[in-house]
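Here come two complexes built around subunit A, the first alongside subunit B, the second alongside subunit C.
== the complex of A and B ==
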């Protein structure tokens, strides 16, 4: 009989997930059902107050804003990442192109956001250029609105969509496209009806890998957002640090985590059904 | 195949949790590490020395005491000072509450002094051990309500948020909060992302107290802030100083030290900082002695040392803030960006207690909309 090493192999990751994912999630969950302490922290009494205040219009507005930003940027990301990944997979210089996508990651995330501020600011590169060419008379306010958030989010998140798409497209058997075309399909139709269904896994992974982090983002709206571009992440930070309402911060996190978890399960179920 | 969805799910979640964490840590980690490293190095160094040298553990705001003052103190009293920093009262309070002790002297603002008194975290000050207390301006002491009679705290520094104006772009202006209502400055102004400061400005403009618990007054203040909101670019307490220095913003609400630190000498002459005539929400940062402090005697020595006129003059010159220490006013060499007299109509922020909830709700309506 062969010995089963499975449990030993998965022990480190199991420990990691328990210690740094499950336990913190359970703490968050239990805090969300407690009473808030007057000066931060929680009181050990069961309470649903945090969930009741979630139904406040302000919170729902922030939720709506978050959904709009997350859906819009995810859609644009996938539309942009698909042809990019396709081009890289078909190119003879794959390694160089992949490298070019990775290089920006060598710079700190926040510095890359500040770079966008330098480009789009009222006295930034773009405005100075437009002013000097005489195309505009006074500066245009590019920053501090929802569009700026979407733009910067797309920029910082798009590699997470390109990589999974690239790896599935690369494995795709392109002779299938030739076969489809031999059977009379146009190239467009062949790509749409033969390639896209075959790289479905890649698309789903790309959507998940971008939508979920965007949903919980708070640094981007903090830096390039304006007077009304709050996302759920900002609300959590504020409830935790400033208004000292830990249960409310926890309940928002619980909702955020559940929404994404349900989404992931839903996606994966529909995927495995297709494969059967 | 059966296992894979679960495995993939946990992998995705793990990735994301890491991703989410990394953003916040990047902002804080380097500084904290450095501080911890320093503290440890100092503790190690300490262990090797003789017992005769005592160590004072101070927990204070970033860049709030010039290094030279600390060094001089160490030399004069043959002591060692370990200086840890925080960026907000909330951060300090959370750390102390979570059991982060070992500190002797902390510098909370007035509202947090009263909270810490209520939470029984502070030791009463033995005034006999701080004879330099007599140097403090009695008119300033009379305004203190967060610790009536200064039983638990020794005032350190007083100031208020004001308004900085770039005179190159805005040559004519009224020294008033109404500046934030000017149509021609739309898209060129910012206010602090701080509900006490912004609501305080609005309450003062309307002639109310910055600590009001009257909901009608708060409601009127909300309407005023909503008007301002249509003119400003954003509520920001972090990067507005950089935007102001770059000429992107022309009128900003903020603390003078945050603004002037970003400006070089030549830029400073184009900038005017003022406390609006209606008054502002004022702060007082105070030295307090923690109940479980180990080096109380040395802490008293330090508090007394800070209020030596010569030492205090050095500190206010560095911070360019007004002096609450009367004899220090005559020996200071740098003109502060505003005087105590400018704060006449301003009021200290006090702990709102349960009313904090109403303020939060009003602020949320301002930020998010109703």
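== the complex of A and C ==
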């Protein structure tokens, strides 16, 4: 008889996930139901105070803002990434084009955001350009609003959508497009009716790979957003480091994780239903 | 259904500096079953794609009933294609695959149902309508591809090696079914294949292609019995290809042929030649008879040679003999049908001395150089 080594193979990853994912999540969850300590930390008393203070309009506004930014950027990213991935998959210079997408990653994430500040800032490149052409006659502040956040998020996250889309389009059988055209469809119609449904797994992956990190993002709004366009991530950082209300920070984290999970599950369910 | 005549006029196609098709012209008559036959890479698919509108010829024109269709995209031509790999839509059920063309036209649900049902019945797949392509066998996929292509009521149906993915038995069966469907719908079929048996068995006309050039156009029996050149003779079936010279013209129909390899014999003059012409003739192996000894009574007008069996291949219904007639030359190939194998007086085997003979009318001149 052969021994089943399966459990041994997955032991390291099981340990890793328990130690660094499940345990921290459980700690966060339990902290959110405790009383806040005087100088940070928690008191070991059960309390719903953190969740009560979540129902404050300021917090709800941040939640709404987070959802708007995440949904808008994910949508725009997928709309932009689809034709890009299609073009790369159909090109004879795939490797070069893929390389061009990867190259910006060689630069530190923060530096790339600062580059945007240098471009969009009130003394930035864009302003000097517009001033020199005479299109505007005083400096405009492009930064520190929701649009700047969406723009920079799209820039930093779009490769995570391009790659999964590229790999499914690459595998797509383009003779199906010819078959659809043979049956009377225009090229556009053929792409829409035949290619899109057949690269659905790529689209799902692209949405998940972008929506999840965007929803929990805090660096981008911290650097290019104003206090009025804060996202949940910023709130967590503030409660953790400045206000030192750990239960509140934990409860926001719980909300953030739950909203993400519910959204993802809902999305995956609606997509897999179509398959049957 | 309405069918069209298809005319290809001086069509050439280059890919870079590679010639996939060279100055091809042919006419495919209304309602015919027309085969494009040739070895892999000879340009069959390219020609089909040009007719279907998926490829632009470098030169030339394509007419449907006298109208040039080159400016029309594929979706505007009254042609449908059965692709080499079927290209069924994996995300749609059998029903929706077949209904695809009708859905594009925004036809009412009721009419779609009736029409799809009819077409599925035509290919005997009405019970599988809820399945997805991945749940179908090769033969079933092929039938769905036919139903899907016919629902638009095309005037011409293009078939690109539709049976190549099937096993030999099923291929036979599907071929007969295709033929029956052709008879039923009455539209023009343009059938691409590299399998000569397929092309010969169902076509009205066969066009043999090689390296982008037409070699011969004719009925299956013309192609088989009187091949136009060495390529066709060797590509279609098996043959004995003999080169030699006309040494004397004996009468209006016969001449003496001298082959450096196999000696002198009489050939039938199916083409005009002169004394001294260099010619090549083919004799099909099944036209040659074989026996251990030369029979005492032979009909007139036969050529008799003697030789030694060098090799034999038994294939059940017949045996293929390789008979060496002269030293250092290719042996002649002879088929012997086993009508009554165990009652054969004396089975012929390896190393036996044999006599072989054929009627002079069974050889055909292929090349004539004056």
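Things to note:
We take it that the second predicted complex is superposed on the first by the 264 of 276 C-alpha atoms of A that agree within 3 Å, B and C clash if a C-alpha of one lies under 4 Å from a C-alpha of the other, contacts with A are read in each partner's own complex, and residues count from 1 in each chain.
Here is the rule we go by: a residue touches a chain if its C-beta (ideal position, glycine included) is under 8 Å from a C-beta of that chain, and two chains touch if they have at least 3 such contacts.
For clarity, every value in this text was computed on a predicted model and none was experimentally measured.
When both complexes are superposed on subunit A, subunit B and subunit C fit side by side without a clash. Once chain A of one complex is fitted onto chain A of the other, the partner contacts of A:121 are limited to subunit B, with no touch recorded for subunit C. In the superposition on chain A, A:197 contacts subunit C only, with no contact to subunit B.
In the overlay built on the shared chain, the residue A:173 is in contact with subunit C alone; subunit B does not reach it. Put subunit B and subunit C next to each other and count what each touches on subunit A; the higher total goes to B. With both structures placed on the common chain, the touch criterion links A:182 to subunit C but leaves subunit B unconnected. Applying the stated contact rule after C-alpha superposition, one finds that A:55 touches neither subunit B nor subunit C. In the superposition on chain A, contact of A:44 is made with neither subunit B nor subunit C.
Taking every C-alpha of subunit B against every C-alpha of subunit C after the fit on chain A, the minimum distance is 16 Å. Touching of subunit A by both subunit B and subunit C, each in its own complex, is seen for no residue at all.
In the complex of the two chains, the subunit A residues touching subunit B come out as 13, 16-17, 20-21, 38-41, 56-58, 61-62, 108-110, 117, 121-123, 141, 144, 208-209, 212-213, 216-219, 222-223, 225-228, 230, 241-245, 260-261, 264-265, 268-269, 272, 275.
Contact residues on subunit C toward subunit A in their complex (touch as defined above): 52, 54, 73-75, 79-81, 83, 85, 87-91, 100-101, 104-105, 148-149, 152.
Contact residues of subunit A toward subunit C in the complex are 173, 175-176, 178-186, 189, 193-194, 197-198, 200.
For subunit B in complex with subunit A, the touching residues are 1, 5, 8-10, 12-17, 19-20, 22-24, 26-27, 88, 90-91, 93-94, 97, 115, 119, 187-188, 195, 229, 232-235, 238-239, 243, 246-248, 353-354, 356, 360, 364-365, 367-370.
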